[in-house]
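Structures are listed in the sections that come next.
What follows is chain A paired twice: with chain B in the first complex and chain C in the second.
Presenting the complex of A and B:
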């Protein structure tokens, strides 16, 4: 990671706190892992994506200036490829979740208050709306128009399954948390309270720690 | 790796059924024994054994799950459901004794799915049914997982024939994980292969067309 700062040497001042490129890549990797392992669509990280894209184009420019045949060039090129893979994998898993849960994602976007951060970037929102429209047109043309007239509508919110928030996830604790309430799973257990120590790893239902993932206090692994 | 070019909707979890899931649609065709609590005029054609035009009250007949779920109401004016044989007391003790030897494919290929759907019908034995299904799954899971992870490149039909559909899909994902890992070990994981869709459509090569 020191190669990145060594070659590009720039700092991003797009946000309030200035990030070194190394920290930026770490944040990207954390966001990537969280998105991959969480069962629902997480908050949108468009500033992070933009910063990383700028960083990548920076690094490409610098690579053009290096003389050919230098060993360092191939190492840096490999690093650029790796960062590009992480970024596209992150965006790919977001798109997959949008495709899987499209009516619920659009519903959540419609019902959020104006001040809250948005879950979808403008491009993702357009994608989701188009996907919904296309699916409805397809179902209409293939099946629904042949049904009796009072059965020709389908409620997408009920037809498409919701994300399963009760699935178990592995997590590592970054900030110490106290008094996390764990719901009972079977009738014999009662709800109990756990403390999460820093650096410890757990396996829990996603529903319990969902707010902690959003705030960055735990990392899904 | 088998990354499909489409994402099939998985069967629903627990008591939910997914509308678009093919497994759930096939599951809902299973027939259940039931008793009609009110008369169904002019629907005699549903009941093959009787010749009358309507179905009188109190007939015992078999209905598919989708029809039974739609007609069932809590006040029980329309239908009362009986448990199929597999979920009754006798078979429950068999499952309790040794879950691993039972042939679940014969007992109805959707044992777990149908059992979860039976819980909708408010039978007094619901907690026991739910518990039996859970314990059966726990008892059989170990063997399914072991056999799926250790049967590489051999004929698995003997292992799979006693499993029901949920266990078969678990077995299949275990096998695909094992195969992917072996491919990765051989260094062939980035080897490009023709997609399964193309192979299934069996595109004719240009050389065959021109000949």
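Presenting the complex of A and C:
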């Protein structure tokens, strides 16, 4: 489909690589799947989101210029809808996790070092803070302020469950990894070491491969 | 036995599956809060007695009442928080305006929470991508087909589609139209997507 690049507009430049539209969408899909299958909130991808939004508006503009009734138009329209779905689903996954684990997400953001990558975009951070404040104000107003003096507060960090990092996830290996330490499952087992070959697929506890998801060495599926 | 009313609240929510929101049980909550007040006052007086008259045999019952107080607090918080989660789901299902039937089941403070949540969500969605934002409460399902079956809910007059044909949108008529053309009208409530 040589027309794909006609309608998809120009290229997006980032700090180091220049991503073609196709590469951009692949990156979006990878981020989407990782976020969907990971039990915890992953690093935020604001740049990617911005690029995809720009891409979508390029495509919409180009679509307006196409001759009406051209069959290509409907196929490209479908492509726009699909990309918008993936982007929406990605952002929804993130928002759901932010709401589900809100005290922990905020705590993690507060205690990260200055150089470390942020897990929340500034807008997500604002949303999370508002969610916390809103919920605390509500609980106070309806119940807590009517309770005995020593019971008028709740520790949100204890009350709201943390993400379960020991959940099992399916993954595909993108970059070969050696000597990954696996904890024993039962008392009879001992910890052992596995090598992850490129292209192989595994089912493991998220906790073991969490850093590999962040670095892009494995892809959750 | 203490804490029974509190556990009843939990059971009430547990019974209503599927995210339904039962009416706000103000009565039960008031009763639990009342029980907490009584337990606390009994503990206050027992603690004083134990301290001034050295009656250490009061301590087990003091501890017991404290446990009941904690359990009541926990049950009430769980009840209220679970309701909030159900209310949050309503924003994603029904949109910004809730059906009246559901609103009657919410207390004033829950309505306030809902309004604040709506505002936060709207601010966040507007900020996506740096320009006009993105309404992520749409596109909930992957787009499957180019054309969809729609039913017309109101008279909307003539409607031209891409290949030039003109459709007359009369109330209750059904049409097979390109999906992207209909989205705007579906959101406005002129058309309804018919899912067979």
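By our rule, the second predicted complex is superposed on the first by the 214 of 221 C-alpha atoms of A that agree within 3 Å, B and C clash if a C-alpha of one lies under 4 Å from a C-alpha of the other, contacts with A are read in each partner's own complex, and residues count from 1 in each chain.
In the analysis below, a contact is a pair of C-beta atoms (placed from the backbone, for glycine too) under 8 Å apart; a residue touches a chain by one contact, two chains touch by 3 or more.
All values reported here derive from a predicted model rather than from experimental measurement.
Using the contact criterion defined above for the overlaid structures, shared-chain residue A:164 touches chain B, although it does not reach chain C.
Within the superposed three-chain model, A:99 lies in touch with chain B and with chain C [touch as defined at top].
In the superposed pair of complexes, A:78 makes contact with chain C only, with no contact to chain B. Touched residues of chain A were counted for both chain B and chain C, and C has more of them. Once the two complexes are overlaid on the shared chain, A:124 sits against chain C while remaining clear of chain B. Applying the stated contact rule after C-alpha superposition, one finds that A:49 touches chain C and leaves chain B untouched.
Shared contact residues of chain A, touching chain B in one structure and chain C in the other: 99, 159. Chain A makes touch with chain B in their complex at residues 96, 99-100, 158-161, 164.
Interface residues of chain A, counted against chain C in their complex, comprise 49-50, 52-54, 57, 68-69, 73-74, 77-78, 81-82, 84-85, 87-89, 91-92, 95, 99, 123-124, 126-127, 130-131, 134-135, 137-139, 141-143, 146-148, 151, 154, 159.
Those residues of chain C whose C-beta lies close enough to touch chain A in the complex are 29, 33, 36-37, 40, 69-70, 73, 76-77, 80-81, 84, 88, 107, 109-110, 112-113, 116-117, 120-121, 123-124, 127-131, 134, 136, 138-143, 146, 162-164, 178-180.
Interface residues of chain B facing chain A in the complex, by the touch rule stated above, are 7, 9-10, 12-13, 16, 18-21.
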